[in-house]
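Quick one: this structure, given as structure tokens, is what I'll be asking you about.
Lettered A, B, C, D and E in written order, each chain numbered from 1.
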């Protein structure tokens, strides 16, 4: 099965994305940003429409737009009047509406705006895989270097600021890194996979109520494991690969939930302190 | 412009949806559920796929699925291990993946799964408008009757439970009402409009930092006003109606943000205590 | 002051959290019009005990009854409750008056609209905690102590029969604390209100309550406040020596001193 | 005990929140090795004052200097801080040790990996607050008082030069409170630590601190603890009468009594 | 390098993959038993939910020939092509000579651009010939640059992509264009890939050529019965068909699937439809008919199903000729005008 080059590449991409999203997903779940994937990817639509109308590369304008939106989210949600998810929701709606309106002004036969953004894990090319690898490594390095700071900000922004950490800077960094991951990931392996891997493995890890070290590890492992198992299943049963990977992760989530429930109600002591 | 029946219906639908979403949006923003619209509507995809494969009405199975997902969200997020938005994110991913996988098993040429769910405010028929009106009225009545209870739960679930309120029941009610609004609203006036009107007007109201009575009122007014202004603008400038309505709301959001910023930095006393 | 009607009754109540036994075999009754103070070291399970009485956690064995029925049931009477941890979101869109009114929700009519009487009750409650002039301020913008007072007013608004208070005077300034205790005494006298309260302020508790219960996971002593405070059992519960002389407290470590290991 | 080095200096500091003047013209200095207690009624602006010193709110006029520089600046020295309100999410995925270590983040190497020395420091801090046996427990599952101790340990881990404490002993049991004050005295003596602390416990504050500052939006008095507590100014700030006799406090309302209207 | 394609092992069919179903229909008419043809990506599938299954990719991996519309229409297959082995030979139909693709629905884009395009194509053909000598890699690269999504911001590419986005890809709906443009190109391609079957393909080409001529007459006859020449389509799939049979588009509901119409467009559509006495809006099985139904109700008309793509699972639409007959009948029905 893995003698097909496309399967090898899909496997590598799924494992890479699983690892990356596991690490980032930890913060996504901790900071209640579960819809950052959908939010950022759909926000890029406004940029795609601008790109098409202006005759620029729609992918580039879309990516720029997504990162600008991430910066906007960080800035606006700094005032504690409205939470980050609400700000993401506003930008999501605004960008999509902008895309729809701009697009309705253009006549002539067009592709669906979204088709510029969305990719597929089976369709990843070698160059793209290499790019994905480099970007993953860079993002992982950044996150591991600033991990504790991000954790402190998630613990208590006020205390973090009191200890002299640049809370706004860290929030901007996190959102921009997420935006990058999302725009690149969505383009290469598809929205479904990125969105799910940013949330589901980290949610599984959170259900085990482990220490953050374990949570990150479990999330990364569940993410990449789902990738491997999901791909094998997709090949065996000839079903959509991205969907299959996500289904594996979601199935693991429900298994964890049941285990969690049983443990609660039959009082088996927790495995890790 | 409003001598066309479809424009009259669109206007009525936009105002209705603006009012309904304003009221519900207050809780959506307060409880950090900004992506409930996207989450629930995309979750229906799993049900649509099941309906198509089983030969049932995909709309009905989709709606049932969405409501089942809302119940699942309420149940799972009861354990305080993971937040509601994460649970929505998991169900979102799971349902979409299920839809994609089931659909990839079916051969032959099909409508896109989403096209079963998505509507357009210009295309609403008279029957649908009447149905929308009845459902809006019913939902508004339910929410106004239980408003204070929901507010208390949002204030502090523990205190609400201590005072003998059924917190789980109220959460289920809120999520089911939201799910109903989303599946019906998305079908009739489109995802963009429902999602935006659930978040943007309430976010504007929250920026004014008013009492909840004013917030609900402002959200409902901004919602319906955007509907009217957006439709007129869409006709005048020949642009997409849904997008135009959302753009008006988002523009109001940014105006509010600027006013808010100026008020903060030039210390004009707040208008309402 | 006490009469025979049992308002809160625990019999061998045992509570586990996360597989850890937090309360073991707790038995006591609170009679109508009584004021029972709960004391004990940090992590002793006092908050868990209050939550058990409110029906927020279940016992794994033993029995809990409030007004003769298990707490948290359908028709259980309203209980005023002040939780220990309370963090009100800075942007919560309600005024102090609204939040206090929330304590009365279940007593309102079917449409949930408060009448003039209800608002009067809110005003009274706010006046009792000295916050009448803050009634229309957004609740999230108050200082820590002010928020504490709001929660007290909410509890008072919820019930005049039973109050369950978890460190109610934490964060209150001295005059407010004294007024609060004076208020409780007045309510007990006038309305035969029953009170169960946790506090770390042993001196104040001993002075105010009828009975003291000292727990550290299990019950160490239950009785008259004066007796409890001078008993050996309280030293055992805290695992250290106290010296209550003229209200001042000196603290001497006992050999092998260790808190609730 | 005091020397001449000014660690915290405020000159005419005025702070507004939401257009409301919360602090007006506050001027005082804290010298190295000093222990300054801040007292005042609820809503007086004590927390706001602490946040101003930490650089979390800006003054609209006047000046604030910590270690000779405006607070919150780039190279400002680490300050141990215990905020008043703290609600740790029940599911926060870190142990007590991890949370205490977070106080030291800025002192760690560029890779942010704590070395043996850092962990030793964490252990010491935890031992100082009597929580050494809780080091690997998840922090969200601790009792209120235990969490308070963790935050104290974090502050101690962050700095041994300046601690800013907002009601640090709230929620601590009596032995822990006494141990904590003993600890502060020891640190001041041994490390010339400087301390600014808010508390409602006038008696304890008067007994522990070198100087007391009483504020109610503006400064009412600043001086020797004994003098302050018996001054007329403190009665004015609280707008009521105190009676400190043998540590017990009686509270009499003055005519026109009203809290910080 | 086409000639460099290794000869087929005897008895094994030539694997051809197309992006859309109608092209697969045509290829299978031409290839007969010597060719195994699979359609890959349904156009109109939302990128949200569309995902190929591994067997699609396997087909692509084994295929010798990959035939796409190009010009950004079948973006999905372009993306998949990135994952395909480098040895696959890709044909972009939209570059076929003499195709004369219509410039969308927009008239004022004018001949200028058409001319530009011709130039451009000319160039490219030359380039292609050159590439024959330079081997596979360069070709693959060139192709990818041009039509893959990695539109590197080269001046030439920009130019191309912009123009590519505006052409209407539904040229297979005109049987004469199919007969005169697509069939020769496709036959040539099959012959080159499988030289041993040259005669076989030539015979099938001639046969299909005649059938297409007959089909054209049949459609003409069907449409001549109609009362009016005016139609309203759901999305802009029919300009080639309309041009061929002298039909006149009143309006389309959506320019392409999923686009939201503006209120003015809907108002104009209703007004024009009333004036023209249009009796039905043409809807398509791939797109949700709800909008069309509501709008049709606005001027008291109905809807009729036409299918620009086809469905191998439906006996009425499982070959090119059946599909076109199906559409001709549907158009005939829709052009009956308003029944008053």
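Definition applied: a residue touches a chain if its C-beta (ideal position, glycine included) is under 8 Å from a C-beta of that chain, and two chains touch if they have at least 3 such contacts.
Please read these numbers as outputs of a predicted model, since none were measured by experiment.
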Shortest walk length in steps over touching chains, chain A through to chain D: 1
Chain whose Cα centroid lies at the greatest distance from that of chain C: E
Interface residue overlap between copies chain A and chain B, same or different (over half shared): same
Rounded Å distance between chain A and chain C, as computed from the means of their C-alpha atoms: 45
CA centroid of chain C to CA centroid of chain D, Å: 27
Chain A-chain B separation of Cα centroids, rounded to whole Å: 23
Centre-of-Cα separation between chain E and chain B, whole angstrom: 39
Chain C: positions in contact with at least two other chains: 18, 91
Multi-partner residues of chain B (each touching 2 or more other chains): 42, 81-82, 96, 99-100, 103-104, 206, 209, 238-240, 242-243
Residues of chain E whose C-beta touches two or more other chains: 46, 48, 51-53, 257-258, 260-262
Residue ranges of chain D in contact with chain A within the complex: 54-56, 72, 76, 78-79, 81, 83, 86, 88, 91-95, 98-99, 101-103, 105-106, 108, 110-112, 136-138, 154, 158
Residues of chain D that touch chain C when the two form their complex: 17-18, 40-44, 46-47, 84-87, 130, 133, 141-146, 148-149, 167, 170-179, 200, 202, 238, 240, 242, 246-251, 258-259, 261
Chain E contact footprint on chain B (complex, rising order): 1, 4-7, 10, 42, 45, 96, 99-100, 103-104, 107-116, 118-120, 122-125, 190, 231, 234-235, 238-243
Residues of chain E touching chain B in the complex: 21, 42, 44-46, 48-53, 257-258, 260-267, 270, 285-288, 290-291, 293-295, 297-298, 309-314
Chain A contact footprint on chain B (complex, rising order): 29, 32-35, 38-39, 42, 76, 79, 81-83, 85-90, 92-94, 96-101, 103-105, 192, 195-196, 198-200, 202-203, 206-207, 209, 238-240, 242-247, 249-250, 253, 257, 260, 264
